[in-house]
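Labels for the chains are A, B, C, D, E and F, by order of writing; each one numbers its residues from 1.
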């Protein structure tokens, strides 16, 4: 297992500076944001073959790319197609957004292939997120129809993934088509379990849903293609008033629920590490910073310090007692 | 405190039959569904002055009306205005839906006044429900804008309530503009705390959000205009897999979360009754059946049997020890 | 769902007296101990056709037989065949014990058929109970072999059950071949899921094992042929010293674990009743008294008083909201 | 086990009225406040032999006296001797207070004897209550000395109890010499376990101290001479802010801790009733009302309704299975 | 945030030796006991201008003084004025004690000013500690009066603090005027929120009261002038017998409650550090040793090892995701 | 307190290699498996005086022997004497097994004496393990008789221990005569508390029994002659289905219960270390690897890294505050 970092947290700094810093702290992999405007990679350039500088920079610091990530443009494929996604699209027109989103996700796969990166992490969008609550009753029916659209659009995208030999790892996440264990099962089912599609495991989204991350790992062991090291916290002193689905900005200090860096929330990381080993997941834990309390520097330092002693290097192969 | 029943659970039977049954079990009040198509009241007729039969039926069984309820048409005011609400509107056109919804809510208030009923329970709809999750970041901004629309449309409706001397009790509920304590506070604030607007307290919506119903009661004591007797359950054996926001129909037995009749879920009713007394709420507990396990008959019988011994008749006035 | 009583608790009194008492309290069914020496039924007489008195007695008090039970002689089939079972067998010779046990179980089935009773409740015995702990390592291998013996001997007995159209309900119980969910699954598997074999559900044996009775019900819904109403208690003030598997007699008051009547232990009966309804179990809850605290009379009165209001008469058939 | 009521809650009404009311609800015993000014008994009159009216009144309603109680004058024996006890004493002089308190407690014993009442319930006072916290360090030493004073003064009083054949049951209670299990043990020890001294068991004082009432019962089984039926509640929504030792009046609704009637707090009454049976306590559960929420009428009705089904009439004498 | 040590734990050794040891372990600040008899500072000498040696010693080891602390003489201001405080006063006379205590607290402030130390930590004493329990009823009234005395005497002392520009940080603590959140609020209120008065935050006193330290921090963020790093433990195996307010010495091993060094008790330090950052507290965590299990050396080493990785260097300033 | 390792986990490697590895990681003691076939010691050779090589090897790496351990041959003394123990005995004959087992345990004591090792750790076997469950009722009686056999055979063995001045430390463990606190008390009692007999404390066997290891330590403080550093885990996501006494091999990943290395299970090691200090246990924590997840190397490295900072070097001797 390697420890990596999703470099988007330092998108305001040049990749070389980030690479030097992360590598110096002991990180071994980077996850790069692939959407338009990313400061660390421009996939259009990659598709033109311009990869030398990027490769040299990372080689210099002994860093590998764990994944290209595209959470933003992936959302355009299934929406929401209202103003909430306007900033990432060349047009406000829903059809244009979808078309653009699909193209960009295919391009991300192609860029990954070009760079020899085996995984693209991202979001799928969802036309029906707000409808998980079964009122009005019509929601249930509409929710079911959302799956058809998902299969239709993503099968097309995944065909490109298949061609170029790259896997897509959906980050199971509220607002996306799959956000819990049941919807993850459904997603696999409607895609007929095609191997190009799997998950980016991120336990921080399960805590407030009271889902046990270990059950997710055991159930989808061979479909976990990437993992995020992120934690989350139900604030004991706030949750009985604010609840698990607070509104307002991440920086509001009295939210019932918020993200944290690993070890500062309620994920039991020893159980998680044990389960990942049990299913023989042995790729990357990519640290993502969305902790509204600590600076990025605190996060980068504390995360690797916390996780490194929890890595189990080798499974037990047989019992001798 | 009286125990009532929301008669919509027997909308397939004539009011008289329902009244006879409920009264026979000891219920003292009825909450009537006021939306178009209700089998127990037609507010258009009421507005024409045709109230005699209704009154006589209820008098015959010593029943009072605790509230007219309009959850369906209230939703049209702020939406969602997609196909999920088509069934309740005369048109699929969003603008028409809003206009119709606003008119119907005003008419419900007028009908209540005509019948001498002090409260209308209902939903407000919400243009931004799916956007409580702060991703994409634009959601936060859009969410804030939703409040303006709410104030604009509902202030107009509430003016009618004021005119006719009736109160509106929003059922604090997912999918609605206010669904937890923080959004309830916000709703009061954007309406400048006008007295026509208060809440229908229903603890069943708080359990899965890990909100303590007692905090709601203490905070909004003088704004609780009506209360539902409904419970809910996080299934111990399912929730760590299914989570607190499962999709699919209410009848699916392996949901992590589901509604129950009072006493069969995780609401601590003794604490709730104590808190209601503390804030001097002394109106009605209206039993609403959305238990996906038990028949309506089981619910009607068990609910009143469970709640009656929990009613505290009189507060302690002073300490003598 | 009916409430019955396992009359063995009053084996020192004539059946008529017990029937009168139980019926007077509202019990609707009786479960009769069928082993040699039972004071309430002699299956040898039944097999000779002498059933009239028995039937008349029960008819007089409107009682039906829910099951014939044979926990003692059933144990002889697989043992233990040491002195612990000497009292129930005509001989101390292990082979004789097995032979006798098998014959008696077949006869119990035949007697049930004769009386029109659809179920025999009982134990299977186990040659390997003490070996669930995987030390010494050989235990694991021996444990596996125990299943072969079980299949061999019980298949023969179950052939008789099949012939006479009666079902066998194993009480899932420590010391027996199946004592938890995993061993119950295994038992079904090695018997190739033949329909004659199912379970007597008794949640009291699951509590100290930290097994959720509801998971048992959901998993084996269609194989629950009978159910015991018994509860159990981990004494909060004793268990951290005495543990969950204390030795010594049931009357020792400082045991970490002990049985109780329903409602006085740690079974969540509302969850149990809900789950039984969900799987459409609608036969009997047979009260068995092994509470080391209360008298039989307290048990008989309190149990039916506690359970009756928890019976759900009818499931919800469809959602109307 | 009988259910009684401490009539002081209706000290504003004549005993006959209270007796009629309590008896009508099913209470079988009364506990009478014996301090000067009690409206239900005047022990000076009793000591003059005037007991006829009292006896007749209680006989008329089939009520027995479970105990004479003297919480107020008992406090004068050891103090506090500051203004907090001025109201109950004929003088503000500490020495006078002690002398008076001792005389009154002896008289209470004599009055009990006169009436054939076997128990006096009461407080001892404590010279060192505020010093349980071991700062300043001198507190520890002073606390130890408090026990000597206790032994000296109460041994003298208990000599009178011995003479007249009455027992004293100290209500284990904050502010008194014994308030938890450890101080109760100490109290017995410094009195050399003389049989006149035992306890009035009241679980409501243990909840906020996190003491298990069942451990108290098991340890002091043969020294429980009387018991109060009172419950208490740590308010989940207040305790994390208010703590377990709030100041201010009982009626303040946002206290972290408060008393309740049985069944509305956090005492597990089934465990308590089981433990009382186990130690063969079979006298009285005397309902005391200090619930700051409910009226006296609610308390009287709900308490007996709640406790009656929990009374175990007879212990199990032997195991038959 | 700096880590300091309250050097009183090594009062038997010269300051230089303690400074060398603490500095060697990484401590950056010292808190010095200022009461008469302290081996590390003599404020009378400081007030004469003799500060050179002290300053040089601390400079030599790069240590700053976080606070002068005066827990003992502060107690004399409000008492208890019985023998429990005799050791710290020049006289047993209550009036003399008060006068002396007030003078010493003013002198402590002056000495702090002389040394450029911004904070004095200490106790206020309390005339009413033992009266938090609302029995006898007079307690409530007397408790309220205690606040007046507090305001009168401490306002006078705080005037001196104001003059010399030093702040007083009351350690919120049982036996003192403020010991929980509610009494802390009251203390601020009766002092009209004058800025000279704030708190020394010490979570160890909140655990047994079931108070959430995070709520204290959030409520009094700008009034936390100093903080102690101390933990406490409710012994799982003792508390159900011994309770949360045991008597007897700190070394008694079977107490229900006892202090511990940070990380060995039940304070959630990650939540505490997060909350301190949220309110922008950025001064000192001063380690105080009252752990009855470990030696001082174990404490000094383990505390800094445990706390250092928990220090968050910089808050997050803005969200970029 | 020293940290050691039970070298049997590397029995496939020569002792020197293991010693070099363990010593390099910081281990200070080794516990050697003394049964026939052990690769690290041959007690027959030791008894012939051949100890030089062994001593030199250990000296070279500064390692001491904490104990000779004989779990296998000890089991033969009381059985089970069926095929489960055939592999360790020279014969299948029960009598031969007992005789051999007794001789080997005496020899182990003699070998320990020869080497100057003060403790032998081991098992006693048990003739009645499977009979802790009180059904059939005869079990209770048989269980009691098991103690006689234990006393008879082990007193003889312990006489040899006495002669040679070595102590026997029974690992309190399921399948052995003592497996919880109550049976440990009984074992001491039937051996008349002879000093040669004490315990090897291993908290991993208590977790699934819900026994608090701290209570064991406090009760048997002076009888803890050796301790194992092993942890165990009730898998949160499996235990409600699999229970606490699952069958099948240790490697099965979905067991409700399994062993872990220290820090990865549910033992609260800070409480354990505190309690060991309190009873002044100051010998060894011997790491035993039965974690079915991690490799031996992971275990060896992580265990010492986890435990070292938890060692309390010195108790607090007196209070100075």
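Simple rule for what comes next: a contact is a pair of C-beta atoms (placed from the backbone, for glycine too) under 8 Å apart; a residue touches a chain by one contact, two chains touch by 3 or more.
All of these numbers come straight from a predicted model, not from anything done at the bench.
Chemist: Check the residue numbers that subunit E and subunit F use where they touch, and answer same if over half are used by both copies, otherwise different.
Modeler: Since fewer than half of the residue numbers are used by both chains, the interface counts as different.
Chemist: Could you quickly compare C-D and A-B and let me know which has more C-beta contacts?
Modeler: Between the chain pairs C-D and A-B, A-B carries more contacts.
Chemist: Centroid of subunit A to centroid of subunit E, CA atoms only: how many Å?
Modeler: Measuring from centre to centre gives 46 Å for this pair.
Chemist: What whole-number Å value describes the gap between the mean CA coordinates of subunit D and subunit E?
Modeler: Computed value for the inter-centroid distance: 38 Å.
Chemist: If you average the CA atoms of subunit B and of subunit F, how far apart do the two points sit, in angstrom?
Modeler: 63
Chemist: Can you list the subunit D residues in contact with two or more other chains?
Modeler: 212, 215, 236-237, 240, 249-250, 319, 321 - these are the residues of subunit D that touch more than one other chain.
Chemist: What does subunit C use to touch subunit F in their complex?
Modeler: 72, 75, 80, 82-88, 129-136, 138-140, 142-143, 173-175, 179-183, 206, 208-212, 215, 234, 239-250, 256
Chemist: In the complex of these two chains, what residues of subunit A are touching subunit E?
Modeler: Where subunit A meets subunit E, its residues are 8-9, 11-12, 235-237, 249-251, 253-254, 263-264, 290-298, 302, 305.
Chemist: Mind pulling up the subunit D residues that touch subunit C in the complex?
Modeler: Per the stated touch rule, the residues are 212, 214-215, 218, 270-271, 274, 277-278, 309, 312-321.
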